[in-house]
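The following pair of complexes shares a single chain, chain A, combined with chain B in the former and chain C in the latter.
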Partner chain A sequence: MSAPLTDPAALRDPLWLRLGAQLRNLAPFVTLIALVLLFSLLSPSFATLGNVSNILQQVSITAIIAVGLTYVILCAEIDLSVASVANAAGILLAFFTLQDSSVNIANLPLPGPLAMGLALAGALALGAVTAFGVTWIGIPSFIMTLAMLQIGNGIGALLIRGQIAYNVPDLVVALGSGSIGPVPWIVLVAALVLLVGHLVLAYTRFGRYVYMVGGNREAAEHSGVAVKAVVAAVMMISALCSGIAGMLGVAYFGSAQQNQFDNYLLDAISAVVVGGTSLFGGQGGIGNTIVGVLVLGVLNNGLDHIRMDSFLKILIRGLVLLMALVVNVYAQRLRAQRRGIG
Partner chain B sequence: MDQQDPPRGGRRALLTAAATAAATAPLLGGIGLDPAFAAEMGRSEKPLRAAFSNAGLQATWCAQGKAAAEYWGKLFNVDVTWFDGELNATRQRGAIDNMASQRWDFVAIQAFGIGTLTAPVRRMIDAGIPVIDMDTLIAPLDQVNVHSFLAPDNEFMGASVTEALMQAIGGEGTVIMTQGALGHTGAQGRARGFDSVVKRYPKVEVLDTTPGDWDVTKVARIWDTHLTKYPKISAAYFHNDDMALAAYNVMRAKGRTDIKIGGCDAMPPALAAVADGRMHATVRNPSCRIHGGAIMAGVAAVVAGEKTGPEGIPKHVITDGPVVTKGNAAGMAWMQKHFLI
Partner chain C sequence: MPSEQAPLLELRGVSKRFAGVTALDSVDFTLGRGEIHGLVGENGAGKSTLMKIIAGVHGEYDGEMRLDGRPVRLRSPRDARDAGIGMVHQELSIVPALSVAENVLLGRQPLNRAGLVSWRRMRDQARAQLRELGIEVDPAAPAGALPLGLQQMIELARVLLSGARILILDEPTSALSPPEVETLFTLLERLRASGRSVVFISHFLDDVLRISDNVTVFRNGRRVGASPAREVGKSWLIERMIGGGHERLEESYTDARTLPPRPSTPAVLEAEDLGVAGLFEGASLSIHAGEVVGIYGFMGSGQLELARALSGKLPLDHGTVRVDGQAAKLAGGTPAAKRAGIAFVPESRRAMLFAPEPVYRNISISILERINHFLVRPRREREIAEGHVRRLGVRPARVDLPVGQLSGGNQQKVALARWLTHLPRVLLLSEPTRGMDVGAKDDVVRIVRALRAEGIGILVVSSEPETVLSLADRILVMRRGVLAREFAGEAVGKDRLLEAA
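And then the complex of A and B:
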């Protein structure tokens, strides 16, 4: 988690003040525990090993996308193209894989590793275009990635032409839908991506630059940080993560089709923000994202384990997200007040 | 599961049973089951637990299906739990994963994205749960061994409404087809039906077949362009009624209400439109018959041990509905109100 209390003066503060300072980190964690307890009490089928595996599997794709998005949001930018880049990468992978004759698309079958490489390269290329637009041309990331969202969807539509492609390389099938013992491979891949994401953010100079750029861009520039390069890099990291998620997602869902990943945009942003990473940049991290992803995963899963009006479930998801956003903004204000007092 | 006993408990139970049998007969007739078999199958004494999911409850067709499944579930003592697909393939996959982690007597699913639910559906089938596929293929039938697939013949639906339109324009003129999403098997079938009829009318010219993707906003935009581009449009066929009614609003705004409109699904708003002449015809995609039929199929499988095959339920049950014009719109509305079609 971010913002450890290392200031000795802060440690002398009353407990409630110290807890208040950690509100951003504590609130999502408490929410997660509360949800787990609540659903365990309400449904005997919720707290089972099989269902834990189920939840982890369900959140894996969101988690991989959210890693890249965490970098972007930490830099006080946004990437609205994550889902469409994931979709384009998945469709690109299917395009470069031999499809059944019933799938009426003109594709270009290539060996599996090459198809995977090209799909990832495609995602990276889209990320590079976004990075160029945001940093060199100076288009706000909200608008630039909105355009990239359309471009990603367009590439997907052009290649798949309204059809459904079922085949992807065997390695991707194994990683997306296979298991090693009781543990699905996709969970392990997500864990690896989260770990690498955390290590880079927490223990490298680049990671510190990401926090600096998000915390105070002007100060970072004056300190000699190549802000444009950092922003460009996070945009490409985001696209890479989306590309990996898109390839695995196609295997997980068993098919590649247009607009398949649309809901991952809001899910991934929600996961990052619900976890406590600040929408204004500079605060948060992969730890927060893990908690956020799990809060959403447990919520989505748990609501399906209890008897409830189907129409109410969507509202409840929205209310929990709203609650998290209120805590996020409130924590931001509290921190600003403390800084003002200090 | 419990063996079915005759209803017990005097006159009230007798009346309930009689009402159930009477209400069920038309539906069973509709899906090709012998009503006598229903008497044999009957209600389960112990409530059965069934899980249902359809494409998304935002769609009126799906919401009507949910109401029908719950209605028929009550009659047959089936406790229906709903997993909303939210018109989103990945959300529905999550819901079906959650469904598969629980125990059910039977399940019924209409897939929003073909091929996206295969893994959890296979898990349920492997666990011995009868899975009934509704309206849209979960995956090609040789890939998942579903108990049965209850669906209309989309090609027939497309052809029958197109034929009604051709008759209305006297077999000559210009026509536009606004399709659903191209990857949807229903849309593909309806388009085939449309093509098969139109090619028999050499004096009919097809002006455009741009897909509207079931999206009424997109349809309004497309039709703004059509009406500007084409001064004469004789008829228009839409792959569902929602798109047809959205286009009608654009036509009315531009004073082009002379275009004969055909739709698909025959939901209540479209029935009203057919009755008052805004639409020429639509064809019923029988949501109640499909969802209610899934209850029957599940109960028959669990209570009476009905299997898939020549002695039991066919692998594919075609659940066609009729073409609806002014003449039968009122009757169709009544049957829908009582979840019969």
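And then the complex of A and C:
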């Protein structure tokens, strides 16, 4: 065996070019560190162990949804139905759990594991419909998942009929709102989903196909990759993650009701994009999403700690998303220039 | 009027260089009033460059251009249009969703008194204009729904309506059926009678000789022949287009060859009566084990589309394909074709490579299911890639480099390497040497020979005669969507291929 031919070209490029090429990964990381430093300086209550646990707990649901969304965006698709599917799954779970007589819904009590299974199956069924529409019929995912957003909301509304249901299976209550020692269970679940998401993406054949399909769909097709199957799978994965997040969310919030996940659509998309996963597909990953989720979580929490006007907060989050989009598109262009469009 | 004596358009000593490469070398060209002038030459001979200078696309050049005897310099297509020069490109610029009338009057819609588009006047004007050209078509019909021939007429009408006295047509007949060609020629004759002039660029030498008053031949950026069309024949044109064959190419990259006899090995691919409406019809062919079959045809003749159809990328309207005697279900797309043992390397490198991904991933992508069961094994992928990179002489020989940073020829090698680890039964290569320098072309020839020696069947489709002549053991010629001729076991050169196409 002779010397391996694996010295990367980057070793010979000047420093600024190397950094430029890493812009997509560096910018979110630098932002995160800067935010942590800033809030630590401005507020004594920010950098405490209790608050760290707080932040992690606050971002857990977003993180779980964002894992599925990372797959979708890596494939150069989008899923706007994530929050709505999560809501539907949460409501399904409550629907299949015995509620107080004061809750006036056509409640169908089942054993806890069965209720959980049905809620997940419901989310997956919605994902299957999305996958079918996007791959088989050929509806652009943007518009297909917009329809699915409404359908998910509709199913939830029909089942819960404007009521608030408080009961969910014990296991879900424990995972969503309990903790093991000082660590909330929901953070562990989110960490597990992130880990599995990362392993599949980085180390399996399927994960490689996700990157290739997103990077150059035509080339993937010419290489004999079953592109439609890959796209269908990522839409299903997204629905599965939304389903898990939806069930845990009900326990986390303490109740199931209509529209309770509405903020999570924007949060999850923002997290993926802020983390630096390319909107054009093919570049990024779960590592990026973790950083993105934390940037948003720290920002959200930190602004409260320095007593920022909560109405101004909304605007600030919008501006952060805009900045991330600029970096995202700029990183793409830099990359294209560097390889001179071969 | 001093211009009465001068020709309508005259170019003297025009030269054009691109990044040190001479595209046109001191060329003269004259176009008279009411003249149809045929322009022929191989790809890259300089025809297009000259026409782009006339049409104002290239404003920077050496030499002189005179219009009506007065020197002019056209710096933009707009300048050219104002001077009465219009061009119809091979790729039409019809807006398919708009109506015929809107397309004809694009950018100059008639307005009513309120300043809004007057649809009634637009229809009337478009109908009148088209009728004047001898075309009867409903101006309200969407242009995209019309046959290609009519779409071309509509584009022609648009150019004429912009006041063009000089009309440049780039390969106008390549996509037309014979009756459509007749309609076009009638129209061109009518234009000639009305005193307008036409430059007719085409690979279809019969068409050129039939319609033109004069013909000019280009080779390597020079004008190598000019004559009244009725005084010369096809062989005169071909002789001048390809020259005396004095420029010796690399050993294996050739423009004339004696083909071997038909192989006695079994057929790996048998295709029967393949057809896709509007692209090709009734195509039947077989490829034997250890044989390279070449299909040559002009741009737009359908040979590239035939390869795409065999790869599962383009759905077939009818026909059957067998690989090793087993029916291949190509309706399942490229994954189905791959399962059947058919691999495809498309003509566009952008359509087959993942530019930001490292070389080794570009090589392993189509064999991942063979080398990994569930988890990827980057080390194994690198090993395989390193072997290929060394064997094929990819430069630089580094498998972690993003493939987008390699040169065109090296990218092509990477694309070929993809199929070397686990051989397909049939390998389809579309324009495998397009845009490469001679050395890289030579490498491709070597790789294809090595693959042939492994006993697989290879199909090469190209619109460059040298590509097919260098690579193929048996050559089919495609002409307007039909496999028109076969060369096997005989001496064949570029002239005979051009003649047959």
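A few notes on this one:
Just so it is clear, the second predicted complex is superposed on the first by the 333 of 342 C-alpha atoms of A that agree within 3 Å, B and C clash if a C-alpha of one lies under 4 Å from a C-alpha of the other, contacts with A are read in each partner's own complex, and residues count from 1 in each chain.
The rule we apply is simple: contacts are C-beta pairs under 8 Å (C-beta built on N, C-alpha and C of every residue); 3 or more make two chains touch, one makes a residue touch a chain.
In this text the structure is predicted, and so the values were computed from the model without any measurement.
When both complexes are superposed on chain A, chain B and chain C sit side by side without a clash. If you stand at the C-alpha centre of chain A, chain B and chain C are 130 degrees apart, rounded to the nearest 10. When the two structures are aligned on the shared chain, A:Gln283 is found in touch with chain C, with no touch to chain B.
When both complexes are overlaid on chain A, the residue A:Lys313 reaches chain B alone and has no touch with chain C. Shared-chain residue A:Glu218: touches chain C; no touch with chain B. When the two complexes are overlaid on their common chain A, residue A:Arg205 makes contact with chain C while staying clear of chain B.
After superposing the two complexes on their shared chain, the closest approach between C-alpha atoms of chain B and chain C is 29 Å. Every residue of chain B that touches chain A in the complex is listed here, in rising order: 57, 66, 81-84, 86, 88-91, 93-95, 97-103, 113-119, 139, 181-183, 211. Chain A meets chain C in the complex at residues 4-9, 203-205, 207-209, 211-212, 215-216, 218-226, 228-229, 282-283, 335, 339-340, 342. Residue ranges of chain A in contact with chain B, taken from their complex: 45, 48, 50-51, 54, 57-58, 61, 160-164, 166, 177, 249, 252-255, 257-258, 260-264, 300-301, 304-305, 307, 310-311, 313-314. Listed in rising order, the residues of chain C touching chain A in the complex are 311, 313, 333-335, 337-338, 343-346, 349-357, 361, 365-366, 368-369, 372, 374-376, 382, 386, 389-390, 397-406, 408, 411, 418.
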